[in-house]
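Shared chain: chain A. Partners: chain B in the first complex, chain C in the second.
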Partner chain A sequence: MAVLALDILTTAGILFVVSSGLLIILGVMKLINFAHGAFLTVGGYTAYSVSAAGYSPWLSIPAAAIFGFVGGLVVERLIVRPLYDRPLDAILATWGLGIVIGQLITLGFGRGVQFVPTPLAGTTELLGVDYSAYRLVVAIVAVLLVIAMSALLKLTRFGLNARAVIMDETLARGLGIDSTRVRAWTFGIGAALACAAGALITPLLSVDPNMGLPWLVNSFMLVLISGVSFPSLFVASLILGGAQVVVSTYANPILGGMTIVVIAALVLRINPKGFSRG
Partner chain B sequence: MKIPHLVFGLGLGLLSMSAQAQETIKIGIPVGLSGANSVVAPSVVQASELAVEQINAHGGVLGRELELIIADDESGAQGAQRAYDSLVFQHRVDAIVAMETSAARNAGLPIVNRGQIPYIYTSFYEGKSCSPWMHINAWVPEQQVAPIVDQFMNELGAKSFFLIGSDYAFGRGMLEFTREYVEANGGEVVGEEYLPMDGSDWTAIISQLRSANPDALITSTAGGAPNVTLTKQLRTSGVNIPYGNYAVDEGTAASMGSDAEGIYIAASYITGIDSKANAEFREALRAKFGDDTETPNELSVPQYEAILAYAMAVEQAGTTDAEPVVEALSEVTVEGPRGSITMDKQRHAPLTMYLGQIQGDGSVSVINSFENVDPGEQCPQFAE
Partner chain C sequence: MGDDRTWATSRFRRAFIGSLIGLAVVAIAPFFLDIYLTSILIRTLFLAAVVMTVDIIWGWVGILTFGQSAFFGIGAYACGLVFTHYGFGPGWALGALAIGLIAAALVAGATGWLAFFHGSSPLYASIMTLALPIILTQVIFSAGTFTGSSSGLSGFPTYYWSLEVWLWIAGVFLVLTTAGGWLLVRSDFGRVMIAIRENELRCAYLGIPVSRIKTALMIAAAIVTAAAGFGYAAFSNVVAPELAGFQLGTEFLIWTALGGRGTLFGPVVAAIGIETTSSWLSGTLPFLWQLLIGVVFVTVIVLLPRGFAPLCTGLWRYVRPKSRPFVLERTLALDSDSRLGQRASIDTPPLLIEQLSRRYGSLHVLTDVTMTARASQLLGIIGPNGAGKTTLMRCISDGNERSDGMVKINGNDIGRASPHKVVEHGVGRSFQNTSLFDSLTIAECLMLARYRLDGAQLFRNKTNLALSQPALDILSATGLDQRLTEQTKNLSHGMKRGLELAMVLASEPSVLLLDEPTAGLTHAERAVIGKVLSRLTREYALCIVLIEHDLDFVREISDRVVVLHQGEILMEGSVDEVVSSELVKSVYAGHQVEAAE
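The block that comes next holds the complex of A and B.
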């Protein structure tokens, strides 16, 4: 039972971490970022480059965040901003961007699987069972991230502006809020979160040009039912991730792989607002 | 005036092409230059080129040179259909020698049957694929499973096994055979779980493994990402029981480093095989490709040997006609890097299998070798 509880908690943590970058971009910019999977992959390769250069694997996570933030600002300026008035085209553009990033990575690093050293190997004892120490770290990071991102939105000037843009962009601009700047920062933060998440999960995954892709669909579903709230994204991760673990454990893992998508579709059918209260 | 010239020129071109076609013997090589097999494909192409170069340097076959025609099968069924169509009906190849996925082989076989040409399949696979035109010189589950399971049961005293695989024909085929073999030898399988090919979250399966508390673990995932994610997640969960892995080869082991330490593998080719033929083969590869040499492996060496086998079969038959060549393919013996190999057991080959264990630095140490392991009943309709 303790193992099941820890499996659910850590799976939810991983899901939350990989989805949070998608959530903030969708919330503030009303843009579904299909390049999210590619951003995760970029984070994985940043981790690979950092450790290949001989630095501590722990450094790879902040390095990926910084790289993602700068890259996100550039992408926003060059690709997303010119398409603000054409939301559907902007979504298509992020899809294309994802393909381009994937191909650039293939050109640069090859198709093969790269290996990144694990910063924290082995298990630790918790609730009377030996459990993967690194998974617990990811779960703790997820909880800290919920607090940090909620604080960013609720307690800072940027958060206030962002929430104004979310509620009514025209009115926000009328009040003198530079919504273009808010959008640029949001995209940067979203890309930074995605890249950092990619770096964070590499010790559990293989680094290859498609590593982010399997996460895109589940992230997308979680974000759709969460509205624009990090706590509700965490709740969604806990419930849907938990369902996935339970189905995988007691039925079979092939059905488990579909659980999140199916439940998300049901939730949206019954309550189009999903888990968000806003 | 211009148009007749053009037609005349074209006709001349076609004539010279057909004249050339009579001179060379064409071997079609469908291989996954893109897709899942693209990592290993370069080594397979190099092995094929080396074989053809060596044969041509010795005067070719029946006084004719060999020529390779390489086609990308995109590692899957649809790409294979295009590749085989083009090789068989446009290029009119005399034979096909193919290292590719089971999906690609299954898609290509009907085209080979229509084209009626000799076909040698050179990838290990799940077994029991039979066609009047096909020979296979790589291992099947019967040859791969026994060394690992025997080691675990006899040397390490394992009684209960847990099996984990990717959900596809090869993964399930290998593990089903493993289950039968374990149970036939008095062992017990306490769990058998699969994840889809693109799945990367092994959490629930690993927890089940830990609660089942087996003596040994055997995995059969797709190569590449699924294999790596499973191994990494096993390591971070502190699973330390004997671990046999059907999807790890030497190259993967070398790059996985400490994550792969202790894993048992069984293979018909390991670069460290101490024989003159293997040393000469590796030297010839290096001489031809220099710094671009791909490390020879379990998939590229059978490809090399299969082309030698085809050349010998044509020589023995005295013709490239399909039926006598196919007959000769069951008789000729190739002395290659893996030893002497004859595809005389229902179109399959008895092979010497090596049991290896991966060391901390990623190298493979050979623990045991098993001479001429029989492939068992694969295609009884071709029994002698």
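The block that comes next holds the complex of A and C.
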């Protein structure tokens, strides 16, 4: 039982960390970034490169974040900005970008599966069971991230501008907020979060050119049912991630793999707004 | 040219000649291609037929579907599973094909039910089509040895015909389905599809059952796709979960986008070209080719959203400037069976509203509105901005809008009916902003308005449009009848207003809801509309509810006036009573209402 509870908690943490980059982009820019999976992969390969170069694995997360931020700004300028008023096309263009990134990684690193050393090996005793220490770290990071992102949106100038753009972009522009810049920064932050998340989760998994893809659909579903708020994304991760763990444990892992998609699709059919605002 | 039959036959003749050319190419192709290329091409032709259906769904109706691969997979697995586990032979093959098609149709119907309902967003529909292949793939994985899990099924018995025969089968399948698709998108029904893509909401208010049409098209596309999947599996003798997967679904979209969505032939050509080349190159430089496709795809989406096909047709027109696109001439006629106004009866009021309320959270936009509008009566609704006038219109024409209360149209409670059902009860609604269908012609817009009454022909075009007398009057008074083949985006504001009104009248309502029909019109245009409206109430016994800001116009034509203020009925009475009322003056002048009460 304790293992199940910890599994649910850490799975929710992983899902939250992986989805948060997608959430901020959807929330502020009303745009679904289908290159999200590829950004996760880039983060994974950054972690791989950092540890292959002999640096501490802990460094890989900030390195991936910086790399993602800069890359995100470039992508926003070249691909996303011309598509603001064509949101469905933006889905396709970012998906195409994902293909390009995946192929570039394949050309650079090969198709094979690589492994990244864990910064924190071994287990820790919690609630009377031995549990993977690194998974617990990821869960803690998730909680810190909820607080940090909420603080970013509530307490900073950027957050104020971003919230103004979320509510009414035309009005925000009328008030002198440079919404183009807000969008560029948002995409940068979203990409940074995605890459950092990729680097964070790689020690739990392996690295290959398609590693981001399975995460894309789940995080996409989670983000859609949680609206624009980070706390509700956390709740969604907890509930749907919990359901996934329960189904995987008691039924079978393959059915567990589709739990999030099925539940999210049904929730959206009943209430198109998902968990946000009731 | 005007005759119905010559047009229909000319369209069919074009499709027939095109198909013959296609079939001839298919017939001789095997003699010019080597074995390797032929076997690639067979698969590609099946895939191209799928891409054609994706183009109809995405390019013409505007549903971004990621899920077409699921139907392809269903067809393929129907073949693989039956031949592997049950038996093989002509009877088994036909049975397996039937199972595949039926299963695909059922799944498409269920997906349509989930994805399309009034108020569902295009993004939501896309998510449903995205979830479909993902769920299906997981189901295939979880079925273990029955489906072969991740490695799929292979080596099952199948027809080892020669490659020529297979190429002919695939080619004939592609040519026939594409010809059918071409006739469909050029037909009157094809115009309805474009209208849904351009302005879905407006379609619903014209009484077009948008969700049902979308679902029906999904089912039809699923059947064609499943048949293609069946052929693909029977030829290649392998089925794998990838055939049902989400990545193949996105590849269909990529080919469609590159070829040019909404052009039908573009995507087919792109699918054949790209897939053949990538199979060709898969041995030598697979990743580089994929990279190139990705780069071209992103570039096309950003810079060339309509794909490569418009470039080709543009070039063609540059070379041969005379070959103008072909516009169907339609003629107007008087509808002798018009039932306009025949529903009117003295006993049941056409519009009855009881204690209607509309709340957005704690904001009360309408509170306890109770009113009756009678036949042969023009009821003006006036009130300052934000009084809830347009919301009231919305609550009458869409059953899901109101929070509380009841609306009865011709004695029928509208319940929670969606707009196209309310239209069936006899409501016609015009909008405050002229929201028409930009790329359709005037004649096509009128045809849309008649969809509920006349339907739309699936593979043909009708050339005569029978309309009721008042609709014809408006068209001739505004000069629209002379420009029937003009696209509506080229019309002036006044003409758009006229067309809007003509369209609502063409749908033969008994309750007419008009939201500022004269906004932005000249005095002369206003007078024309005023005259038509008075005539509609007098001669056709229509019940007209009119929102208007111009008190003079209201005074001229209204029989009764309701004054809305802050979501409540402030006053109701004859025109003179209301206009001379101190209360109304104070509301319009912005004084405190309480003081006047």
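Methods note: the second predicted complex is superposed on the first by the 277 of 278 C-alpha atoms of A that agree within 3 Å, B and C clash if a C-alpha of one lies under 4 Å from a C-alpha of the other, contacts with A are read in each partner's own complex, and residues count from 1 in each chain.
Rule of thumb we're sticking to: a contact is a pair of C-beta atoms (placed from the backbone, for glycine too) under 8 Å apart; a residue touches a chain by one contact, two chains touch by 3 or more.
All values reported here derive from a predicted model rather than from experimental measurement.
K.L.:
Classify the contacts of A:Val100 with the two partner chains as first (chain B alone), second (chain C alone), both, or neither.
P.N.:
Touch status of A:Val100: second partner only.
K.L.:
Now for A:Ala148: first (chain B), second (chain C), both, or neither, which partner does it touch?
P.N.:
Neither partner.
K.L.:
Per the contact definition in the header, classify A:Arg135: touching chain B only (first), chain C only (second), both, or neither.
P.N.:
first
K.L.:
Have a look at where A:Pro82 lands relative to chain B and chain C in the superposition and call it first, second, both or neither.
P.N.:
second
K.L.:
Quick check on the superposed pair: does A:Met167 touch chain B, chain C, both, or neither? Answer first, second, both or neither.
P.N.:
The answer is neither, since A:Met167 touches no partner chain.
K.L.:
After the superposition on A, what does A:Asn252 contact: first (chain B), second (chain C), both or neither?
P.N.:
Touch status of A:Asn252: both partners.
K.L.:
Does any part of chain A touch chain B in one structure and chain C in the other, and if so which residues?
P.N.:
On chain A, the overlap between the chain B and chain C contacts is residues 252, 254, 257.
K.L.:
With touch defined as at the start, can you tell me which chain C residues reach chain A in the complex?
P.N.:
Those in contact with chain A are residues 64, 114, 119-124, 126-128, 130-131, 134-135, 138-139, 141-142, 246, 250, 253-254, 257, 287-288, 290-291, 293-295, 297-298, 301-303, 305.
K.L.:
Please output the residues of chain A touching chain C within their complex, sorted ascending.
P.N.:
32, 79, 82-83, 86-89, 91-93, 95-97, 99-100, 103-104, 106-107, 217, 220-221, 224, 252, 254-255, 257-258, 261-262, 264-265, 268-269, 272
K.L.:
Which positions of chain B touch chain A when the two form their complex?
P.N.:
Against chain A, the touching part of chain B is residues 38-39, 167, 193-196, 198-201, 203-205, 207-208, 210-211, 224-225, 227-229, 232-233, 235-238, 252, 255-257, 259.
K.L.:
So in the complex, which bits of chain A are touching chain B?
P.N.:
3-4, 7, 10-11, 14, 111-115, 117-118, 120-123, 130-135, 203-206, 208, 210-211, 213-214, 244-245, 248-249, 252-254, 256-257
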